[in-house]
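First the structure, then my questions, so here it is.
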Amino acid sequence: MSVFSGLKFRKVYSPIHNLDPRIKFIYVCVIFVIAILYSELIPLIVLFFLQVPFVLLARVQREWVRSLRGAGYLAALIFFTNFIFKFIGAGYTILPYDVETTIGLTLRFVVLVESFSVFFLTTSPDHLGLALEQTRVPYEFVFAFTTAVRFVPVLAEEAQTIMDAQKARGLELEKGNFMKRIRNYIPILIPLIVSAIRRSLELAEAMESRAWGATKKRTNLYALKMRKGDFALIAITATILAAAIYIRLYVPVPMLHDILASWTHTAKLLTITLL
Amino acid sequence: MIEVKDVYFSYQNGVEALKGVSLTIKDGEFVAIMGQNGAGKTTLVKHFNGLLKPAKGQVLIDGVDTTKRSIAELSKDVGFVFQNPDSQLFSETVEDEIAFALKNFGYETEVIEKRITWALNLLNLTQYRKTSPFMLSGGERKRVALASILAWDPKTLILDEPTIGQDYEQKEKLRQFIMQMRTQQKTIIAVTHDVEFVAECNPRVLLMREGKVIADGIATRILTDPEILTQASIVPPQIAQIFLELPGLNLQKDIIDVYEAARILQNILEKRGR
Amino acid sequence: MAIIETHNLSYTYPGATKQSISGVSIKIEQGEFTLITGPSGCGKTTICRCFNGLIPHFYQGEMTGSIIVADKKVSENPIHELAKHVGLVFQNPENQLFALSVEKDVAFGLENLGVPRKEIREKVDWALKLAGIYELRERPPHELSGGQQQRVAIASVLAMQPRIIVLDEPTSFLDPLSAKKIFEVIRELNRNLGITVVLVEHRLDLTAKYTDHIIIMENGKVMLDGDPHQILQSEEARLVGVGIPKATHLYRILKHEGIQLGDTVPLSSEDMAKLLKEALRTR
């Protein structure tokens, strides 16, 4: 099932994958904050392309582009709804200012999605679980998270087996009107749910049998240690944040349409002068 | 009749599960398909009811190419009993469970009633007609799953690992059940790695390894051939193992039944002046 | 004092009308390799869960009689305490592995016990090597075969260094070759480390040869208890309906016909072949 293949984390070893997830998360949050600071197009474009070196270093280009396409639909929706409102608000005229701010809003959304996408694409679930654990999230939640991820491929396979078994009893999923088609899924869902319940019981038995709950002070086989790459990322993040705040406060950020307008103006002058 | 003509099949993840398999199974035969996990046994039988279609080659059921018929159509003639009954049980009562396929295939209500009664009777489940299948024990659930497939009386029955988790008596009952089905001229195909069970049934055996069929013959011949069994990573049945360890005696080569073995050994031991 | 001792142990699951086990009195000595077998529903799975405290603590229900494991009264000790002394390996390999890598799973029990990291690392590596899966330590469980998964389960139990390991039909879902590997690992643990092994199994043809002590149950009661050589050739064992190894059956048939082959009842094909060779030499 291709839907689940995106969640099957492949073990890719890249410098980005090995970074401490906590630091990566702080970086992503900073990008989020900066994206909110600016509504001008130019800084947002810069912010967008800032993700690219990370994507390339982590070698997740294909998956990243795929998530871009996914975000594209929602982005288009955001663009058109905002644009229509601005259009009507401006008295049914297309103002360059409105166009730019709408594109800016859309791009802000895309940047948000893309930076989180990079985070999830470069952080394996066990790494993420470990980070959560070390940030004092109660172990029950971390365990629930990592166990759920661990069983995703198992559930996918089971769903396939159940579908095969029911098809072999004459179940035709594609047949019938809308209501019938939904009811066709009952013979698939019920065995899945029953199996999930049975599985939870067996898991609980296994957990108890391995001393679950013996002590509140749980230790861990692994420990996240900060390394050179992590400190580098902290430095980069701090610099970007500082620069962004400084520019916001002290440097006037031009609107793209103004720049384009002045370029066209300069181009016109040049053409007139040359001719 | 099932005809497999030079079939190749690969899964989405690239694994080549079948690499040129050709065989014929005639009506009324009893075949055991054996081999290690991953040899391609289940992949092969899933082609018989159309769950899988070959990438290359052809599978013909009664002369018709499986790519030309839907899974539902093929299932009318080829019943597939999955390994885990919990993959299919979902109804409120055993009765409903058995009726499910019959309704899918469009049988009329009176016929469905009769079929349910017949299937329940066949598998000793009549007292559970109105019981929820989830309340039954593991062995009982297996019988409900089997009943729900037999209800529409398919010509061919595929059993995927029917002996897993079964105790000795349950396996005996299964063996007798298969014999009973054979008297009704049903074709039985069992995918299994239980050598002792196969030794007791003595069917035709197909050995598979890495997507190919490496041996095809009667159990007494195949299960007593140590070389071919090693290739398929199968341990011979105990009786065959014993005989293989006594080469000096020039014993008959194809013994897998304990009573026959006893007779032969008794003869030899008594002849040597005991 | 035996390492596992029960007196008149009976148990009813909550909401059940019948006792799952009744009046079970058994003694298992330290270092023994004990096989518990019997037809489905005989209570062998229930008794396993009594050994590490899942019954009565996890399942509740009604337990009468006494059970003492590793000098501890099961009814008075929580499961996590008993887990230090008794490891339990279950039937379904998939549903006892929760982590995203093998070594994290093997470490799970030690982490729960709050063992310091360095010690966890040592014990995990030790357990991985004993189970023969050290090279698989960074793999996710879903990529492993059933046999490998079960070895991970055994390693995770082994890491806590229990004195007893109980295995409830560990090879049900495995093919005979993988099953054989599991039994060999278990046998090594029993012979080389002196770990008491309690194995619940149907497939006596594969396992009878390893055992020192066999317990056959039926309908919640212990029917036969003792030396496998004697018990498996007995008429009572045949009547209970357990899968007597064919070699033993053959021996029995010949004995019935008046042919006595040696003194030791064979439990495997090797045993039987040896007996036959001897019998034929002296003639």
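Every chain is named by a letter (A, B and C) in the order it is written, and numbering of its residues begins at 1.
FYI, contacts are C-beta pairs under 8 Å (C-beta built on N, C-alpha and C of every residue); 3 or more make two chains touch, one makes a residue touch a chain.
Please read all numbers here as calculations on a predicted model, not as lab measurements.
Taking the CA centroid of chain C as reference, the farthest chain centroid is that of A.
By number of C-beta pairs in contact, A-C leads over the other of A-B and A-C. Mean C-alpha position of chain B lies 29 Å from that of chain C. Our note on geometry: chain A versus chain C, Cα centroid distance of 47 Å, whole angstroms. Annotation for chain C: no residues touch 2 or more other chains.
In chain B, there is no position where the chain touches two or more neighbouring chains simultaneously. Taken together, the chain C residues at the contact with chain B in this complex read 38-41, 91, 145-146, 169, 172-173, 175-178, 180, 202, 205, 241-243, 245-247, 249-250, 253-254, 257, 259, 268-270, 272-273, 276-277, 279-280, 283.
Interface of chain C with chain A (complex): residues 49, 52, 54, 57-58, 79-81, 83-84, 87-88, 90, 92, 94-101, 103-104, 107-117, 120-121, 124, 138, 140-142, 156-157, 160. By the touch criterion stated above, chain B contacts chain A in their complex at residues 46, 49, 51, 70-72, 75-76, 79-80, 82, 84, 86-90, 100-101, 104-105, 134, 148-149.
Those residues of chain B that touch chain C in the shared complex are 36-38, 137-139, 164-171, 193-196, 233-235, 237-239, 241-242, 245-246, 249, 258-259, 261-262, 265-266, 268-270, 272-274.
Chain A contributes residues 11, 124-126, 129, 143, 146-147, 149-150, 153-154, 199, 202-215, 217-223 to its touches with chain C in the complex.
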